[in-house]
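Below you'll find the structures, each written out as structure tokens.
What follows is chain A paired twice: with chain B in the first complex and chain C in the second.
Showing the complex of A and B:
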């Protein structure tokens, strides 16, 4: 193969002679032009490709192995009133998460993404979604502290608290690991390790999907309308 | 200790965290510049004081853009600071470093790296403008940012690509090698306007007007403070920076180019008028240029005997 190529190439080279400086200098712009054009195409392709995310028809969340009923518990809301989870959320799409107001990363990011997605959905559709934060730090998260914290994201978000035993029971019923309080720092502050997923209970009170930390606003705005329309994640 | 900035899943802290790689890079560049300049000290062709200042400011811009806190914030917390980093590399560091280099120094670098031919082609305004904007788009695509920002090597590559694209942008304008510059002041102004002011407004618009956060890196980053901007607000500010943040620098440079060109035109015009009046005063009455209405000799710079004078270059 190489020999045949050499054989056919040789006469051409001998006929045309060594490349002139002009032909050499004209090759460089062509090569550079092709590289530049290629880079432009790649750049535009990357721009069009956009950000990562689930494809059409897929769910951004994790499908649960089995359906889970919303916990049967009565906690206390930020107005100090009893809040019966099953009765208060009946017939609504409910998104429940566990967290605490001193959380530096997971909780504010989850709540901010959700809040922005609900804003994008519009009031008429967003009103069909109830977002509940159950505190795993009832000692510091008083009703007033929780209300002030949640109002930063959405005044309609519900904050619930209870005794440590009640909160542990709700976590168990929601099938998430129980939160663990970390060691205190010199200032007396501490962190709490907790489940970071958001569980979606549909209008029948059953959860079939949970969204891990890292679920983006674009994921919510794609999945929430489908959930509100009664589509069953599978 | 990390050698270069990287996105981390940690709440932001104002405790200083310098990056060794940044310091090593800046000191190496400064050392190389100093050694090269000192070798030329005796010949009288070393860098001028002004060039040294430009170069120091250029290295300082690289340091500010890469080290804590700008480097850290841009790598993993705020899209607006990511954009600020980009602007520091392309609109401050690159032109300042070029202005700080004497011609022989850049010639030496290009000769040693055998890149002169390639750089000469790349510095053609159309090529440089297209490539600069291709890099701008590619390095601000969400997939690029979310991939490169997660590793120190990726961040280093991103920073160096930005610096290189900055050199490309400015070569036709302030290259120490004259033949790399665009031929006329008008061409330089049009080139700068299109490449650095007009075209970046398009991707800037995409970023600014996107209804959702484009970059997972910044959307899922811990907020600096509860009262700080949302991920979308931060991104919108970044988009505005990309669209109009370059205006003060680009328009200031275009104004300088225009005023210098105007001044040189004024000087040429003045010189021609003086030459014309001198010719009129000294030419013999029978000479061809003494005839009323014959300004050709004065315009072309030929003396009464017909020989062409060589005037001073602009």
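Showing the complex of A and C:
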């Protein structure tokens, strides 16, 4: 079937030149590719259904393999003061992510979705949530730059920085891959590849769930009240 | 019944594959269309543009993006190691649709002068290696509304 179709159709459609020998032989790989692509789409669909299916009792985030305690570290906040992660967040629900202010894509979408959800939940609930952005670009993200950036989303969001060694240690303790600085472009600008999930530490200082990039406002408004009420994700 | 349906699906896929092969040989002219151009609101002085680039002809490549709304536009993609990098351009192979989506490849606008509120529209010019430049209108959407579409 394939053979006869290619024999009749090929000469008519390739007006800009004779069909190349590779074209004929690449039909099979293309078909195989389509089938593989179809399977990938189905698999991804199942994954999404798994994470977002969210019937009653389900969670939009990813349940962690084991509980993780909030990193034991002292960083510096946007007022220039030391910020002891464990002491400052004791008894609070804390959402922590890594990022940098020159990030035009992942970071602002994460922060905007969370900020919109907190607005929707209202002050009485939102006040029980501490949102922390730890910069992975301490060189460019000065306290002032971070404060201005975070205020765009929520004046209560906490921005933390430290030495490259401190920031690497916090990423390790949070069980995320260490951020990697990309190559500089001709003007000296650069991107930083970093973990994009948001980790939720509950009032006992333990994280049991993390929310991937792409978590929607509606996912947060459904899950956050349950987390704030002390429900244990499982 | 189910087998028959499978057969039909197979035929459609095969026909699509064949059409792809025939219409985008190395010599064929690129036939490019840009759809769903959208951007988030400005954050600081940057904003990210996402769009779908469909090419029904021969292979091509985006070599430059410009916009009167920004002092500079850069294509950001991920390298082999999955790291976000500023790239020289973006391949648009024949017979494919390249989708720039939140959390993936995007055009980063720097030095954005105006606020870019949801509902605003601004122009972007996309230049290709072979195809004539395309002027597209980018629609600004709320950042939080981009969250749901990032993951497939």
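Convention: the second predicted complex is superposed on the first by the 181 of 234 C-alpha atoms of A that agree within 3 Å, B and C clash if a C-alpha of one lies under 4 Å from a C-alpha of the other, contacts with A are read in each partner's own complex, and residues count from 1 in each chain.
Throughout what follows, a contact is a pair of C-beta atoms (placed from the backbone, for glycine too) under 8 Å apart; a residue touches a chain by one contact, two chains touch by 3 or more.
Please read these numbers as outputs of a predicted model, since none were measured by experiment.
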First (chain B), second (chain C), both or neither touched by A:152: both
Partner chain in contact with A:217 - chain B first, chain C second, else both or neither: both
First, second, both or neither for A:180, with chain B first and chain C second: second
First, second, both or neither for A:195, with chain B first and chain C second: neither
Contacts of A:104 with chain B and chain C, given as first, second, both or neither: both
First, second, both or neither for A:120, with chain B first and chain C second: first
Touching partner for A:112 - first (chain B), second (chain C), both, neither: both
When both partners are placed on the shared chain, which of chain B and chain C touches more of chain A: C
Overlap of chain C and chain B interfaces on chain A (superposed complexes): 44, 104-105, 108-109, 112-113, 116, 152, 213-214, 216-217
Footprint of chain B on chain A - complex, ascending: 25, 28-29, 32-33, 36, 39-40, 42-44, 46-47, 49-52, 104-105, 108-109, 112-113, 116, 120, 152, 213-214, 216-218, 221
Interface residues, chain B side, partner chain A - complex: 9-11, 117-118, 121-122, 124, 127, 130-131, 134-138, 141-144, 146, 203, 206, 211-216, 219-223, 226, 230-232
Parts of chain C lying in touch with chain A, wherever the complex brings them together: 11, 13-23, 25-29, 40-41, 43-44, 46-48, 58, 72, 74, 76, 78-79, 81-86, 102-103, 106, 108-110, 142-144, 146-152
Partner chain C, residues of chain A touching it in the complex: 1-2, 5-6, 9-10, 13-14, 16-17, 19-20, 23-24, 26-27, 30-31, 34-35, 38, 41, 44-45, 48, 101-102, 104-106, 108-113, 115-116, 148-149, 152, 180, 182-183, 185, 187, 189-193, 196, 212-217
